[in-house]
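Sharing a structure with you now.
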Amino acid sequence: MTAPPKIRALRHVGLRTTALEESVAFYSGPWGLELVERSDDAAYLRAAGPEHHVLQLHAADHNALDHIAFALPTPEEVDAAAAWAAAEGAQIIEPPGPITRPGGGYGFRFTDPENRVLEISAYVNAVAERPQDVPVPRKVAHCVLNTTDIDALTAWYTRVLGLRVSDWSEHQMVFLRAVGDHHVIAFNQAEWAAPNHVAYEVANLDAWLRSIGRLKVAGHETAWGPGRHGPGDNAFAYYVDPAGLVPEMTAEVMQIDDDTWMPRVWPRVPELSDLFRTAGPPSPHIRSHMGGTPDPGWA
Amino acid sequence: MTAPPKIRALRHVGLRTTALEESVAFYSGPWGLELVERSDDAAYLRAAGPEHHVLQLHAADHNALDHIAFALPTPEEVDAAAAWAAAEGAQIIEPPGPITRPGGGYGFRFTDPENRVLEISAYVNAVAERPQDVPVPRKVAHCVLNTTDIDALTAWYTRVLGLRVSDWSEHQMVFLRAVGDHHVIAFNQAEWAAPNHVAYEVANLDAWLRSIGRLKVAGHETAWGPGRHGPGDNAFAYYVDPAGLVPEMTAEVMQIDDDTWMPRVWPRVPELSDLFRTAGPPSPHIRSHMGGTPDPGWA
Amino acid sequence: MTAPPKIRALRHVGLRTTALEESVAFYSGPWGLELVERSDDAAYLRAAGPEHHVLQLHAADHNALDHIAFALPTPEEVDAAAAWAAAEGAQIIEPPGPITRPGGGYGFRFTDPENRVLEISAYVNAVAERPQDVPVPRKVAHCVLNTTDIDALTAWYTRVLGLRVSDWSEHQMVFLRAVGDHHVIAFNQAEWAAPNHVAYEVANLDAWLRSIGRLKVAGHETAWGPGRHGPGDNAFAYYVDPAGLVPEMTAEVMQIDDDTWMPRVWPRVPELSDLFRTAGPPSPHIRSHMGGTPDPGWA
Amino acid sequence: MTAPPKIRALRHVGLRTTALEESVAFYSGPWGLELVERSDDAAYLRAAGPEHHVLQLHAADHNALDHIAFALPTPEEVDAAAAWAAAEGAQIIEPPGPITRPGGGYGFRFTDPENRVLEISAYVNAVAERPQDVPVPRKVAHCVLNTTDIDALTAWYTRVLGLRVSDWSEHQMVFLRAVGDHHVIAFNQAEWAAPNHVAYEVANLDAWLRSIGRLKVAGHETAWGPGRHGPGDNAFAYYVDPAGLVPEMTAEVMQIDDDTWMPRVWPRVPELSDLFRTAGPPSPHIRSHMGGTPDPGWA
Amino acid sequence: MTAPPKIRALRHVGLRTTALEESVAFYSGPWGLELVERSDDAAYLRAAGPEHHVLQLHAADHNALDHIAFALPTPEEVDAAAAWAAAEGAQIIEPPGPITRPGGGYGFRFTDPENRVLEISAYVNAVAERPQDVPVPRKVAHCVLNTTDIDALTAWYTRVLGLRVSDWSEHQMVFLRAVGDHHVIAFNQAEWAAPNHVAYEVANLDAWLRSIGRLKVAGHETAWGPGRHGPGDNAFAYYVDPAGLVPEMTAEVMQIDDDTWMPRVWPRVPELSDLFRTAGPPSPHIRSHMGGTPDPGWA
Amino acid sequence: MTAPPKIRALRHVGLRTTALEESVAFYSGPWGLELVERSDDAAYLRAAGPEHHVLQLHAADHNALDHIAFALPTPEEVDAAAAWAAAEGAQIIEPPGPITRPGGGYGFRFTDPENRVLEISAYVNAVAERPQDVPVPRKVAHCVLNTTDIDALTAWYTRVLGLRVSDWSEHQMVFLRAVGDHHVIAFNQAEWAAPNHVAYEVANLDAWLRSIGRLKVAGHETAWGPGRHGPGDNAFAYYVDPAGLVPEMTAEVMQIDDDTWMPRVWPRVPELSDLFRTAGPPSPHIRSHMGGTPDPGWA
């Protein structure tokens, strides 16, 4: 084994939420996901794309990240990734093997230096894709994470998971990619570790505006946006979910060609934070929800 | 002469305004037009497209429509159009001949049944096109007019100018096209004749959102919108200019193929008035500005 | 009125059938249409496209053509077409007015020189289009009619309906178009007037082969085909329906541009009758069903 | 008959040449045409496109235009065009009927006001198209004619043949189109009537440069060009053929959409005469050959 | 040397045949290949693409696989591949060097664990491509091989040749790719090692149906198909050649992007074995020919 | 470090020139570059693309190559490339670190076996791109170098810089690529080491011909060309600059896909040296300038 894994995609995100019922209603209602599996204390929701689910919600007494799941194509590559991670010193909390949770597949779990749970899997249950020409999310696009040491985490995710840096927003944020999308993970330098927000992608600006309208008709106004980010070039509209966690509706994320891409450092000025200039700066309200509360991670 | 003229495009609109200086600053500033000619009591502004100007502003003591100018390709077709209009009983107020106003060309003027001044011209001064990939208007897209007799005006504009009906919004509005765009003129049944609004087209949804952002940074909020109309499928954002007249920023107007288009009658329900569902109904404020004041027309 | 109507499309075909129940099951089952309205002695079936229905089946004691319906965009054009037809000597059997049959609209009916009933309509009830990426018919593509005088009928349909000749197959068949498709009506010189077959279009060769497979799984083999016609370049597969009438599954019909098309006379040789060379000549069995029985037409 | 014919294309040009043998060798050799029929005193050459021939060469004791042939789709339209021409006062020198010359078809011949012979035909012999991806001419693109009265001829060709003005080069040249190409005929104001040059079109700039190279290898240098015209936007390279007549190799002729085209008057300045600026002004040598000798026309 | 070779393509397949003369007539006739070299006991046939030949036929007293040839771009990569294969324990039967057989190039030969002969070469003789828009094979698309140990062979071909698994059909078949095409080699678990079939690709469904028609006119009916496979999404039509070997005419093979492809395990059900549903299950007749007779391989 | 760097692009070329002032006027004038920085003895010129400069000119008493600069995306990759080069025995003349010369960035310099100075850098100063639809150079396309040992240099550049061979022109020239373009460096076997020429790319054949025209109007005729090379398929036009160095204006360079490209050896025959056949062989004059004078390289 001479190289880190070549992660193909972000599969899903698991969140711990203090408002499970209300959140299921929100995400399976105006947000546009669909409930595919449900137990007393957990819910699994899919998007229009080929993943069994893109969001897991787990009832908890405080909001937190449960785990993040990445995709590899074969069990062989999963085994190799686990061996690589172990060799790099990562803590393996579930060794490679069949996954018995909803969605199935073959995978393993390990923790990052701030104790977040990561999963890498292959051969998960496929589901029939939904029509793509309606304004609902197709997939989870990326997950932004608050960290107390952006440099250490960037080094760890590039070395252990093989993600590559796409861009920096000064020394405040860094954007890491797998294949295609400008980023699947971004880190934000902060006072404590916590999930910042999870972004869901719709097909284009038209679908994105129709999604914003559907949320508005249902009584949900944007907490920040609509706007368009400089790094990643993606349209954004941030909301606060019933538990106080932050989802983002996004579209037209920049596609990166590994062979020609040159990373840049973006200054944090208004005209690059919002290329549309429609959003203005984020309010203290949304900043507070993005900051979250200290998340101890795996226990 | 056996047929009405085949109007190719809307060239420009002339407005009478009670706030000339402020309006020149508004339209040549955040609205994105460019001043090309100026006198004490008039201003001519161009867009990025090939027309010498798309908007004329004339100082006046009340807001009104000065005239609407349409395009034909040759002086021969202008002469034929003038003969046709005269034969159909239209009042010719300037016979065909060289135009000595800014922009030049060869044309004639006549009045419609509600005394609006119309101009048809050819061979106007060409100007170099500006870059098309920046978020500024490329042209005037359409002009909506309040009328006291929508059926009579529709019959007159189809018979005398050769415009064709593209769609009806119940019996309240009717959309008339020349070539390509879903409409260049629309009529709104109202208590008195007056200009309702003038729409300017940008290249796509991205340019449209950047234009809304540029106006916002300059202190101009939308008076209605952003949203997307059912008939014509065009994105909309309405503003009130310094004199109280209404301009619309629009994009992605439906393109019509004469050979296959089938007009429809659209019910006036919220989900068809705004396909995005982001706008909500128009406020009394914008309705009042769209209604305007009685416009006596040519004198 | 100085010109024939500009027919935009073939809307639907009405057939009289000796096996109404079995035919409804056939066309709404493996053929891929959908039943939208039903009475004791009639059924209306739609395709994936925007027409309320593309096939009417009427219970009768012999197979025959009930009528063919064409599309115009506005009631004004329908009135003009009726006046033109009357002036050309056609027998008007229903004057222009609201249509009270299923599908509604505004239209009139008249007969052709062999007593077929033709309908021209506008403003019919629109229906929501079905997804287009599944292998079911999108529309009725064309109707081929046996006639005892191909030249007289060709002259009549070009003069009264404004259809244009696209091609001849020697002096045996002639193909007439409206807009786009190579033909909406074709005539076949025969011993008596009768419907020859009705063709339904699917999106492409893949959808066409999947349709043939779906019919095969349901027990219906092709009576002629698969193959690809020379004139019109369309893929073909002919069947015999439960009453003995002939439907055709077709795809990739040649699209004609009026401005550049030059009609040709095609020799009736095997390599031009079937460009694929997979079909061989039609059998006496299918020839007999295509010939049908003498159809007296309107009474 | 209420309108002029709608000419679809330029079919071929016939020239009278003082050097028949050498010219056949030139045009069927490095020029890239192919000899399809030959008699003692005439030769017929085809291009890669669907026309039986695009050039006729007739042995004569002085260089001249023999005739120009235009295309209509059906014999009915040919008959109507002949009736229209006669009604407009044109001299019909061959009434409509089967053409017995090579290439066949159904057509008629008449003369223009300067005694040029024009032919309009339909149903000519089709030929299999040659591969289009090789650098040889696909068709005859246009024919430029010297005239002593550019205004009278322009009026006559628009009224009698239905050609439309695309552009003027000051009051020196005028460009007339049929369908698509910017021009099929152009007139040049001169001291006497004569053919100016005949242009042949290749697929694109690459094929055009390869054609120039093939001619160079065979010993033929350009007499003017390579360059790119302003009006029509077509690349040009002019040669002198063995008899002293002028052929042009051209590519990328501007395509005109009748519904949106606005004719212009181009000033005759170097940067618009040659958009490439590679050609410089025409030499007296090529000007002399373009001027030709007085051509009395039909006798 | 730290990695297996990156095979670029399947070049050709060599077969041993009991009916050389008849097979040459079949493959160079209705099958659409072209004979390029011939000796008493061997024949070399090319397709329309750039390979010198895609099929070798060698006279033998029983049907068998002679060898399979793969492409690398440079002699350096050939040398590296040979070193890699040797290091992995493969038996090298011809060391790297100039190839003196027809087609030339630089290559080496080795055997797989079931004693099949494999060749890897570079710098072979190029040939001019034939026109691509005619319905004849462009290349050999893939070769399916019966094996007694599908897992062992899959492991060996991925490790030694660097091929990657694209999909499994349960544990019965496995599909291995080089670049682009879904598979160049597939293994079928069987009672003995033997060639199953060789597939030849035409440009699209239209060319594929025209090829089936050409074979039919020549008296060759399909032995299985037409149909469309689930794994690989390729259209198929199987035949039995004069010696009893099985060729497949295929089209529209799925193209794989290595960065995003996720292999799947396909259940062996009728609707996935034939997406068209036109083929039905393979008959005992074709199954028997696909099974072949035990092939001892290299000796 | 287990692999050579993956060079992304050629950034710029530095030349030593005996005619600095005249060369600045030439390259910033009719050649179409733009001066961005100037000192007494050096000038920096940019093209329309994103590089700070593509050409450096340094005053010197003989013409020579100053250095060639390549691009990597990150400082980390620059460090790795330096370590790799050192491990391969290259002489590092500037260790990795911030670049204080105009254009900035992070890079290092080393020498090749013939003492040429090479630079590899990341994070250079970005500049706003100029409009791309005007006929001026977008970038430096490639640099051709005369060498006394083509095999040794090819081995060194592939091993140390990771460039790959795209094609050979017999054993006289070899073309090496980074990403996309057929070559960024080519070597020409010669009597002494010297720069042969530097090529600048414009967008397409139209822009290329307009560039040739602009140079002609300014008094600069081509020294060889216009023509189109076989290897690389790029259009060419060679000039001699005021100091006697050779720049090439090029367009439509072949784009290479690493996964499918097969290098070839091209015979040096006229029809492959110039696909257009418009250029003829290079004259002794241009050959002499391409040969240059012995360049001792770094000192």
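Note that the chains are named A, B, C, D, E and F in the order they appear, and that numbering of residues resets to 1 at the start of each chain.
We take it that a contact is a pair of C-beta atoms (placed from the backbone, for glycine too) under 8 Å apart; a residue touches a chain by one contact, two chains touch by 3 or more.
Only a predicted model underlies this, so the values are computations on that prediction, with no experimental measurement involved.
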The chains touching both chain B and chain E are A, C
How would you label the chain B and chain C contact, same or different, if same means the shared numbers make up over half of all numbers there?
-> different
Where among C-E, A-B or B-D does the C-D interface show up again, with more than half of the contact pairs the same?
-> B-D
How big is the gap, in whole Å, between where the Cα atoms of chain A centre and where those of chain D centre?
-> 65
Just curious, how far off is chain E from chain D if you go by their C-alpha centres, in Å?
-> 53
Between chain A and chain F, the Cα-mean centres are separated in Å by 43
Contacts with 2+ other chains: residues of chain F | 2
Please give all chain pairs that are in touch with each other.
-> A-B, A-E, A-F, B-C, B-D, C-D, C-E, D-F, E-F
Sort out for me which residues of chain B touch chain D in the complex.
-> 2, 6, 8-9, 71, 73-74, 122-123, 126, 179-180
Where on chain A does chain B make contact in their complex?
-> 205-206, 209-210, 212-214, 216-217, 226-228, 274-278
Flag every residue of chain B that touches chain C in the complex, lowest number first.
-> 2, 165, 259-265
